[in-house]
Amino acid sequence: MNSWTHAQGVLETPQFEWVALSPTLIVVGAAVVGVLVEAFAPRRYRYGTQVVIAVLALATAFAAVVGLAADGHASTQAQVAGMGALAVDGPALFLQGVLILVGFVSVFLFAERRLEPAEHGRAVDSFAAQAAAVPGGTAEKLAVKSGYTTTEIFPLMLFALGGMLLFPAANDLLLLFIALEVLSLPLYLLCALSRRRRLLSQEAAVKYFLLGAFASAFLLFGIALLYGYAGTLSYAGIADVISGAPPAVDPGLAATMGNDAYLLIGGALVVMGLLFKVGAVPFHMWTPDVYQGAPTPVTGFMAAATKVAAFGALLRLLYVVLPGMRWDWEPVLWGVAIASMLAGAVIAITQTDVKRLLAYSSIAHAGFILAGVLALSEDGVSSVLFYLAAYSFVTLGAFAVVTLVRDGDGEATHLSKWAGLGRRSPLLAGVFALFLLAFAGIPLTSGFAGKFAVFSAAADAGAMGLVIVGVIASAIAAFFYVRVIVLMFFSEPQEDGPSVVVPSPMTTSMLGVAAAATIVLGVAPQYFLDLAGQAGVFVR
Amino acid sequence: MESLIGLLVAAPLLGAALLLVGGRRLDRFGHWLATGLAALSFALAVVLFVDMLGRDGGDRALSQHLYSWVPVSGFQADIAFQLDQLSMTFVLLITSVGTLIHLYSVGYMEHDVRRRRFFAYLNLFLAAMLILVLADNYLLLYVGWEGVGLASFLLIGFWQHKPSAATAAKKAFVVNRVGDVGLAIAIFLMFSTFGTFAFSPVLSTAEQASEGTLTAIGLMLLLAACGKSAQVPLQSWLGDAMEGPTPVSALIHAATMVTAGVYLVVRSGAVFDGAPAAQTVVVVVGAVTLLFGAIVGCAKDDIKKALAGSTMSQIGYMMLAAGLGPIGYVFAIMHLVTHGFFKAGLFLGAGSVMHGMNDEVDMRRYGGLRKYMPVTFVTFGLGYLAIIGFPYLSGFFSKDEIIYAAFGKGGAEGWILGGVTLLGAALTAYYMTRIMLMTFFGEKRWVKDAEGNDPHPHESPLSMTVPMIVLAVGSVGAGFVFNLNHSFVDWLSPVVATADGNSPVSHGMVSVLATVLMLVGVGAAWFQYGRRPIPEVAPTGVWITRAARRDLLQDDFNHAAFVTPGSYLTRGLVYVDHKLVDGVVNGTAAGFGGLSGRLRKVQNGFARSYAASMFGGAAILIAVTLLMRAV
Amino acid sequence: MSFPLLTATVLAPAIGAVATAAVPSARRTLAKWVALTASLVTAVLAILVLVRFEPGGDRYQLTESHAWIPAFGVRYELGVDGIAVALVALTAVLIPFLIGAGWNDADPKEGETPAGKRWRPTQGFFALILMVEAMVVMSFVATDIFLFYIFFEAMLIPMYFLIGGFGDRAGEHSESGQAKQRTYAAVKFLLYNLAGGLIMLAAVIGLYVATADLPGGSTFSLQAIAEARASGELTFAQNTERFLFLGFFIAFAIKAPLWPVHTWLPNAMGESTAPVAVLITAVVDKVGTFAMLRFCLGLFPEASAWATPVVIVLALISIIYGALLALGQRDMKRLIAYASISHFGFIILGIFAMTSQGQTGATLYMVNHGIATAALMLVAGFLITRRGSRLIADYGGVQKTAPILAGTFLIGGLATLSLPGTGPFVSEFLVLVGTFTRYPVAGIVACAGIVLAALYVLILYQRTMTGPVRPELSRMPDLRPRELAVVAPLIAMLIFLGVFPRPLTDIVDPAVQHTLSDVGESDPEPELEARR
Amino acid sequence: MSPENYLHLAALLFTIGACGVLLRRNAIVVFMSIELMLNAANLALVTFSRMHGNLDGQIMAFFVMVVAAAEVVVGLAIIVMVYRARHSASVDDASLMKL
């Protein structure tokens, strides 16, 4: 594995598996092209070009994932590529597929230009005209007047997606850190780009950035300690050391490695870094603020995709690197899972803002997914994969609905304004109710199938306690999902209530896809369960 | 011949259904349809009776199996009828008196717009009563039992716009339901003991069952009988039931339904024979009710309520006789039949009086009516003579037999029971004479009715007087016919156990004693009510009178013992349900809400405190991980 | 392959629901007729099921079986035993009457402007009713536990919208106060039942784990589990079985509802329109008691025996407590709701008496209670619509102005108090006999319910229908032809089932024998062999 | 000198950085503290690299530096943007969203 130390002085040309890495390469490549477009294309062509590039790139990348999977890379032909840095295996490809689909529909949300009233005759999107301009200042007014739009969002989003694609595939700690940063940095920026309520948006960005950087510092220190423990950054290498076979790695290292304190502390810190990304208690506190402040399309993308990518990385870390020390970290992760489920559900009860509500709900869901992760079995992996796929579409759909309910000040996210929405636009309220029911895990929605998969895997692995807590948390959570439905359908509409904007076909089709996915994964989940089931084995 | 039994029931049932479903178009002739169907039923009964007489005593019983009603594994309930001599007796009584009262009602209810319904209910009652006495198993009997209860409920509350009538109807049904529970439990006991509840297997196997079981069954049957027959302690409904139209009181609350309890005890004789303790309780209930009813009857000024007290008391006689076992069964039934005639006649007479007096019921506002209503006076008078046991009229024979049988119980019990029955005879004479004197003799004490009309007492129309005359004939002659050659005893003895008692007093002596006591009662009543004018406002009276006017405080007792605690319990439970049971639920929800409100304060908006939480979390993560390794 | 009759019976109302919902907002009447037609088609299909079912045949008939989610071991398995047939027929037969009774319940009030042009309350109301029907029928015919569970849970959602979205027009509260009450009732209904459902989910997952070691992997098929248990391939540890039993039972007890988890029912029934109240108590709640019989007893016989004493006590408390609370109600719909709680106590008592009579009686009780409550509640609903009040004290003397209404109300009430000659008598008596033979004391205590039933029904009747006519009611119209057409057949059914219940007992009894053999119980023998 | 001392230094620096994040209000200082933590990790990586005698840790350190640079770009951009809008770089002032 460690070719460098073996062949000192002779630099071999690295073997690079272009095909196996093609999905990520396509996305990152498209992002680079996007940057070039920003640099060279005239302003008025940028929007169209960026959208086309993003859509094409994501479609191609998805085709590449499908091709790789069809080629057997997901099962028999699973391999480690990029000189041991990247895994091309079932979980990686499955999650990459999900991520690319999420990215694909997110592009539609990002590109939506019919929601905001036209500024000076030009259709605009949900993003700031010029991010650098002071809110309310002359520069901003000028930028608005000139019809500026932030078309950088597309390359930023593609970069973030590129990082996300690497994240669950990362097979050594170096790539794990790089992928984390590649996915995080563009997201920090995207958070700051809201057209309305810019102060909140900027605050979200600052909080996300500082806390995210803080978390990655912990992660990095953890990586350093793991390196100190094992003398290698590669997952397989560390796993070998943990399982007590260091000489197989490098006889020369035997003297300097194997300090368990490094392993335990380092492992805890790396896990903590990932738990931050998934938004688990007690590393969750950024979630509500960032979800609320960020532009809603970004929130949707982030909520769906980050969770998928981060859980992917967490799964691989726990299943490939740390299974030998499960007795050490299992109890504390139980605690985290239970705390996440309960705290998320309980705090959400009293929320008054739709986006914050969904944020707390995402915390509770992080707990549910952790229950599946803790199953530590093949079923556990595939159930988590399925849950992530189901959850990401529901989440995206829910935030897409939020973008549509608007009043004079932009999105009307305060719950009191949603009163009676079901009477004004039953269809939209119905779709949102569907998403809420899926969150609540009502049968015949994808949320139920996911919950059942995760809980049954956990129960099968003997974690009945987690299942029972999960069930209790679900009952509590049902309370606030139901509250929103009550508000939409049974309350009298307010006089000055928000109206539902008729979006372009992009958002409509995106909503349709999300709703269809919610129902299909709920009624006929078998195909996708099979897919996730076949993708349940990590390559080493 | 068997197939006629079903028709017997079907005719009035059909009438009820037609009249209820048919609607207004039947208003014009519905009452005649009902009366005709009742008469048809009577005619069928006569045909069956004649047929039965044509066979030997031993194989007179007929049975008809219609269909299997509730077939469940191990549980067989059939719709099947059994017509033996006992049932036949009842069928004849029910259909004959029933038909007469239908006829009477044609006149009595003439001006009521809801007359069609009234006849529907009467037909329904006939059908249910016939089911009751014809059933060949206890479950079907139960159907009839509750069916007559329903009809009684509907008819007592027929004038629903009067709150008192509606209340009385409800009370009757509910008190009866308490008794019905007894019958239900008795059936459960039979089923778990014998695996069946059809008459013949149960009764023929009864002697093999343990005495404890039989006592339990007997007591439960008695509870049922108490409810239906207004025996202490479930007697309180009968007085209120007089809110119903008078023909109803005559048919249901005098002649037929209220005697169903006696039928039940006699029918279940085999059970009671094996349970002396239960028999004793039956006797005690009968004796107590006998006196209870008589005392109440002495104090009431409402003519119908006074007659109701009398009914209670007379059924007490029957119950007492039934409780005596084989020495009394037959006489219980005999008194039941004679009582059916004369009490129905008396009630119809009372109805006729009320009819003439603008529905006035207070006897203190009657007086001197014999001149205005001669037919009523004569028929009522014959009924009066029959009930007080005037020699050679119906009551004389049947009551004397019961008194004789009571002595026949032997020992101290015999003396006590004999004494009670004799005392009852005197009281009967007293209260009946009182009614007679207050109604038909003395000064006119009439008052205007609520609308200010003066009463114009007049003789009732033919449709009302004819039934009264027929019943008077029955009152006079039935006892004599029954006693001729022991005909009634011989008739029933194949199906009802009979035995001779060992009375310390001779039969003749009993007759003499009873007659003397009767005269004493009559004399006392004359002394009090015949000699001097009757005050229009009742005098306060002694404590016993005051108590008797309030039905010996039965309602006060029920209120104190059941109604008031019950309503407190109910209100308390409503509170508990709302505050406690529901409170826990709502409290849980509120608790989570409060917890949520407190927990969300942690999210204080400061990035540094978020960082602190992460730092702390990391510390815990590391600490627990290290700790797990250390442990 | 034969025609999938059961699937068709489920699909008919489901398709009807979609069709009804699709009717444009202005064509309200069309929507009603579409819904009625769909419900009638369903009724015909259900009767076909009844006819095709052979009483002496296999335990489960008309079976269908397809793979659905092999990953979870879930199959699309349908089949009916006698108990399910009876309940499917009840459901399918009742729904057309409910639609008829609620014909105008969801129309916009006079002078009310629709909130939005897409808002279609009438269409929604009937579509939701049909949706509930489809889901209820599905849970009756599902022989796969997971499949059952899915519909058991999913039916909460349309039910929730029916309760919360459509109140009756009783105006003792202000408009907003009423909406608040209704919302509270709907949310309480949903959360209560959802909580129960989630507890059951834990048990379903537990079952999944417990059956994981079978050769074919986890299964939820009733038949497969029964076979595996019979052959000894599958055994539950004692504690596992008890926990699983409790998980299932609590969910069903909430749905049924059993004391002390009953408090959602009075709210839900009180606040919803009469047809929806009937839908709750006569149809949806039956799934709870049905499931106790089929799943609790069938899957966990030993745990059932273990829990029986407690369940019997709870059932007795329900019977008496429900009846006493019914006595204390001032609101007639809540009164009927508490009466239902009392009746559910009888049903559960019959089920756990573990005798042929008890369980057959309980099944009959489910059917009869459904029809009787429907009759009583629907007439009450007609009354409430006329006067605009649910309070008993606001009525009096109705029989004078509306004798037919009063008469039908009385018959409904008499059926509710189990008068002989009406269906409920047969079932109540069977339950009591069945209970008595095994638990005499329980049988006697339950008899208190008979007396109390008479009290609350007759007090209700007396206070509303008799006495002097209240001036507000003097012009109250009697039952209209539509209303009579709804009530009369129900009454006819009640009487038919009281006089001739054989068609039901013949199909139910064999099914009960199967259940009893699942539990390993047989009827107590009588002490003596009576001479016939 | 034992390489372990470098590790102790790294731990100390990391802790100082973490405390800086928790205690300082100025966003720039907070950010600098985070950079300090990253560099503490770098020091640890290099030390381990030295201890193990392989180059992985050093390579990692280079990568971290590059990433840190990128982070500075993004971070400063955001902080400056906030500063311009609010005329304050205090992280405590940015607390509009809470509960």
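We call the chains A, B, C and D, going by the order they appear; numbering starts again at 1 in every chain.
Everything below uses one rule, namely that a contact is a pair of C-beta atoms (placed from the backbone, for glycine too) under 8 Å apart; a residue touches a chain by one contact, two chains touch by 3 or more.
Just so you know, these numbers come straight off a predicted model, no measurement behind them.
Looking at the contacts, which chains touch chain A and chain B alike?
Looking at chain B and chain A together, the chains touching each of them are C, D.
Which chain is in the middle, if each chain's centre is the mean of its C-alpha atoms?
Here the chain at the core of the arrangement is C.
Looking only at C-beta pairs that count as contacts, which pair of chains has more of them, A-D or B-D?
More C-beta contacts join the chains of A-D.
Measure off the straight-line distance from the CA centroid of chain C to the CA centroid of chain D, and report it in whole Å.
Computed from C-alpha means, the inter-chain centre distance equals 65 Å.
Report, in whole Å, the distance between the mean C-alpha point of chain A and the mean C-alpha point of chain D.
Using C-alpha averages as centres, the distance is 24 Å.
As a quick test, compute the distance in whole Å between the mean CA positions of chain B and chain D.
Distance between chain centres, rounded to whole Å: 96 Å.
How many angstrom between the C-alpha centroids of chain C and chain A?
Taking the average C-alpha coordinate of chain A and of chain C, the gap between them is 44 Å.
At least two other chains touched by the same residue of chain B: list those residues.
Within chain B, residues 589, 600, 603, 605, 607, 611 contact more than one other chain.
Mind pulling the chain A residues that touch 2 or more other chains?
Residues 206-207, 210, 214, 218, 288-289, 479 of chain A touch two or more partner chains.
For chain D, which residues are shared contacts with two or more other chains?
18, 21, 30, 91, 94-98, in rising order.
Please list, in label order, each pair of chains that touches.
Applying the touch rule to all chain pairs gives A-B, A-C, A-D, B-C, B-D.
Considering the complex alone, what residue numbers of chain A touch chain D?
2, 4-5, 131-132, 134-135, 173-174, 177-178, 181, 185, 188-189, 192, 198-200, 202-207, 209-210, 213-214, 216-218, 220-221, 223-225, 227-228, 231-233, 250, 252-253, 256-257, 288-289, 292-293, 356
Going by the contact rule at the top, pick out the chain B residues touching chain C in the complex.
Per the touch definition, chain B meets chain C at residues 20, 67-75, 139, 142-143, 145-147, 150, 153, 157, 160-163, 165-167, 169-170, 173-174, 177-178, 180-181, 184-185, 187-189, 191-196, 200-202, 204-205, 208-209, 213, 566, 569-571, 573-574, 577, 581-582, 585, 589.
What does chain D use to touch chain B in their complex?
18, 21-23, 25, 30, 91-92, 94-99
Which of the residues in chain C end up touching chain A in this complex?
Interface residues on the chain C side: 67-72, 115-116, 118-120, 124, 149-151, 153-154, 156-157, 160-161, 164-165, 176, 179, 182-183, 186-187, 190-191, 194-195, 198-199, 201-202, 204-206, 208-209, 212.
Under the touch definition given earlier, write down the residues of chain B that touch chain D in their complex.
Those residues of chain B that touch chain D are 600-601, 603-608, 611-612, 615.
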